[in-house]
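Listed below are the structures to be examined.
Shared between the two complexes below is subunit A, which pairs with subunit B and subunit C, respectively.
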Partner chain A sequence: MRFTQVQRQMAAALMQRLGPGDRLARRSATGHDVDVAAIIKPNSLLSARERLEIYSRAYWFRLLDAIRDDFPGLAAVLGQRAFEGLARAYLADCPSRSYTLRDLGSRLARWLAAHPEYGARNPRLAIDMARLEWAHIVAFDGPAGKVLDPEHLLELKPGLRLGLQPYISLLELQYPVDEMRVAINTSGHAPRRVVDQTRIHLAVHRAGLSVYYRRLTLPESRLLRSLRAGWPVEEAIGRCFRDSSGESEEMLAKLRAWFAAWSEFGWLTVREANGERSRP
Partner chain B sequence: MKLSNNSLALAAAFAGLLGGTAARAAQTMPSGSTVGQAGLLAEAAADKKIEKHACKGLNSCKGQGGGDKKQWGKNECKGKGACATDGSKPKM
Partner chain C sequence: MRKHTNFGIGVGLRVPHLSHILERKPVVDWFEIISENYMTGGGRPLAVLDRILEQYRVIQHGVSLYFGSSGPLNRTHLRDLKQLIKRTRTPWVTDHLCWGSIDGRYTHDLLPMPYTMEAARHTARKIRQAQDFLEVPVAVENVSSYAAFHISRMSEWEFLNEVVEQADCGILLDVNNVYVSSRNHDFDPRLYINAIEPQRVMQIHLAGHSRFEKYILDSHDHPVIEPVWQLYQLAIERCGPTPTLLEWDDRIPSFEEVHTEALKAARYMPESAMVRQ
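Let's look at the complex of A and B:
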């Protein structure tokens, strides 16, 4: 057997889902018998299966640890037992596809929305928390685009299109999970009182090396989404205030304050393909 | 939209853009007022005591809490053989 074949079989054996009692499964996910003896030798103390099982369990327990590290808020909302059940089911359906454990939870919120039975008593709250915590990871170490500098503003014109930093997530949530997550981070457990449903708009971002959750008004969120989608600034502003009944002076002051804050945070970027919208 | 003139809105946006961009260019860190506007501090840089998943692939679990039951929390399992797969006992 070629060495690359041994490596592939070894990886497949290690990464297959653990069986009952967290033991190495006899059959792979595709239903084939795992030929352990072909890739690892027994010794006087352990069988080939037992030797391989040590690594397989280490692999899966490492993944479970990583998910728990990345989603402490979700673990607190669900409770430890329910969270472990969720993590195992998620990893079975969505195994790691990346070289880095950082990406392990990238599909969790979407998966949970499709499997609300793992959301305990309040799946909607659990989904919101999962979305926030993935956005937190993206904000922490996601890539950054080229920040808008003063020289980029020399040719300001109505058709100007701006980008938004890719590490910023704009979320519309049903529960105030931002406050919950910060409280959990401080106290280590979810609030005991029942959390009221409150629709919030949130930007999850970073400033320096710290991660922040910034609440947005609906028009502010709408404007940022329109800019990200590639609308020219003038049209994006029109879309943002389309349902507004406020006074003009107030709106102008808001616009000035928003753009000042966004550019000072470094949220706005140069749009390389300064042409088409990414979405209508 | 009650704005009587779109150019007024655009002028307000550009005024903010110029002010914010100039303020950013003039400082190395966000100003106090900007930090206040940043929102809830969810994770401060100082909270990162250890890099996430730092030991993956590096075979160096010191400080991460690995090893067998006797060594959990002692953080000194590197090189002690607690993860040995040949059934041998850790060196004492």
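Let's look at the complex of A and C:
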């Protein structure tokens, strides 16, 4: 047997879901069992399976701890037991594909949308919370682009394209999970009653070294999304106010206020050359 | 390979100690950071690291390059690592002689190698590639282990020697790991220490461990026990003054307690090896 085969077989065995009592499962979910004794030697105290079990339990406990640390809001919303079930199912379906544990939850919201049965009584709320908490991680330590000099904005050359800091996430939510997450941070548990609101637009960003949640109006969110997508500023503004019937002075005042706030937060970045529109 | 003989005694930089370190600025020869914790691109981790770098020397220790994994090196990982190296100006980098990923999936564990010549050649080739790309010396750490493979054809120390010789790299000798593995696999830890090439030992790790009924776990949550200090003494006798670091990762006590435990290593180092403050 070559060492590649040994590694593949050992990984398959230790990454399979733990059985009752968090012991190494007798049979894997796929039914393809690894003959552990064929690759691992026993010693005088431990069988081959027991030796592998040390690694398997370490693998699962380490990853479960990491997911628990990263998604406290989701755990509070679902309850610990349901969250545990969700985390184990997610990790079985989506094992880590990154060299850093920091990325472990990057696919959780999308996975949950495809597996609403793990969302307890309110899958939509759970998905919103998972999206918020992943955005929180991105805002905490994601890379930053070069902040746009406000002078640059005064020029507003035709065709000017701006970028948005990569650590900012723009979310459209159905539930006030931003307020819930803050409450959970403070009290340790989710509010009993959750009000279903239609469409909350939220920017998850950082200022200084702290993460903030900032609610946006629909036009503001639309404009930021258009800028991020690479639309020239004047076209992005047009898209933002496309449904609006307000006075142009009122729109101008809004724009001024938004750009002033975004500049203050350092949200706008210089878009690299060839920064064409990335998506419609 | 240049060996740093006067780097003194370092401590692992851990989050619970950050405010103490930044506010009180204790005298510490150097800090070891876990590279992956600072390869995020921005935000608080890098801002804190920059403040540490203003005051202290930093050595980078990685946990997931997985030189022993049968697949190729992760180029993104290497690029991110090189960027961090430019920031810290670490004189050398370390990671583990182990595997932990397969077919693009990561276990985030330090899994033991099958000790075969094929595995040694493969691992050494990847270390060479990393060393060439990173442009700093690389040292590989022996891991503690709880399993052994039927296909192994040599001892762990023979495998380690084979790899570092072929890769022309350094060794990060973890004497606690030698002790833990010696108990789990029933060998004489002194034999291990005596077998390794002393000139290749660029750094030493010390740590505590936990004893269970049927095995010993490398848990980094206790002080260093006396038999490990004895192994450390043997290692210093053989390798000469070597930068030494204490790891404490779980149930972390106060910074003062961890630093005091680390400084016990000075008892075994010649006076000339200590950093003059």
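In the analysis below, the second predicted complex is superposed on the first by the 237 of 280 C-alpha atoms of A that agree within 3 Å, B and C clash if a C-alpha of one lies under 4 Å from a C-alpha of the other, contacts with A are read in each partner's own complex, and residues count from 1 in each chain.
We adopt the following convention: contacts are C-beta pairs under 8 Å (C-beta built on N, C-alpha and C of every residue); 3 or more make two chains touch, one makes a residue touch a chain.
All of these numbers come straight from a predicted model, not from anything done at the bench.
When both complexes are overlaid on chain A, the residue A:1 reaches subunit C alone and has no touch with subunit B. In the superposition on chain A, A:185 makes contact with subunit B only, while subunit C stays out of contact range. In the superposition on chain A, contact is made by A:237 with subunit B only, not with subunit C. Contacts of A:45 after superposition: both subunit B and subunit C are touched. Using the contact criterion defined above for the overlaid structures, shared-chain residue A:55 touches subunit B and also reaches subunit C.
After overlaying the two complexes on the shared chain, residue contacts for A:257 are found with subunit B alone; subunit C is out of touch. Looking at the superposed arrangement, the partner reaching more residues of subunit A, out of subunit B and subunit C, is B.
In the superposition on chain A, contact is made by A:212 with subunit B only, not with subunit C. By the touch criterion defined above, A:101 reaches both subunit B and subunit C. Touch criterion met: A:140 reaches subunit B and subunit C at once. Taken together, the two structures place residues 43-46, 51, 54-55, 58, 62, 66, 100-102, 140, 209 of subunit A in contact with subunit B in one case and with subunit C in the other. Of all residues in subunit A, those touching subunit C in their complex are 1-4, 6-8, 10-11, 14-15, 38-41, 43-46, 48, 50-52, 54-55, 58-59, 62-63, 66, 95-102, 139-144, 167, 206, 209.
Contacts from subunit B toward subunit A in the complex involve residues 1-4, 6-10, 12-25, 29-31, 34-35, 37-45, 48, 52-53, 56, 83, 85-88.
Of all residues in subunit A, only 43-46, 51, 54-55, 58, 62, 66, 69-70, 100-102, 136, 140, 147-150, 152-153, 156, 158, 178-179, 181-182, 185, 203-205, 207-215, 233-234, 237-238, 241-242, 244-248, 251-253, 255-266, 268 touch subunit B in the complex they form. On the side of subunit C, the complex with subunit A involves touching residues 36, 39-47, 64-65, 69-70, 74, 76-77, 99, 101-109, 111, 113-114, 116, 118-119, 122, 146-151, 184-186, 214-215, 217.
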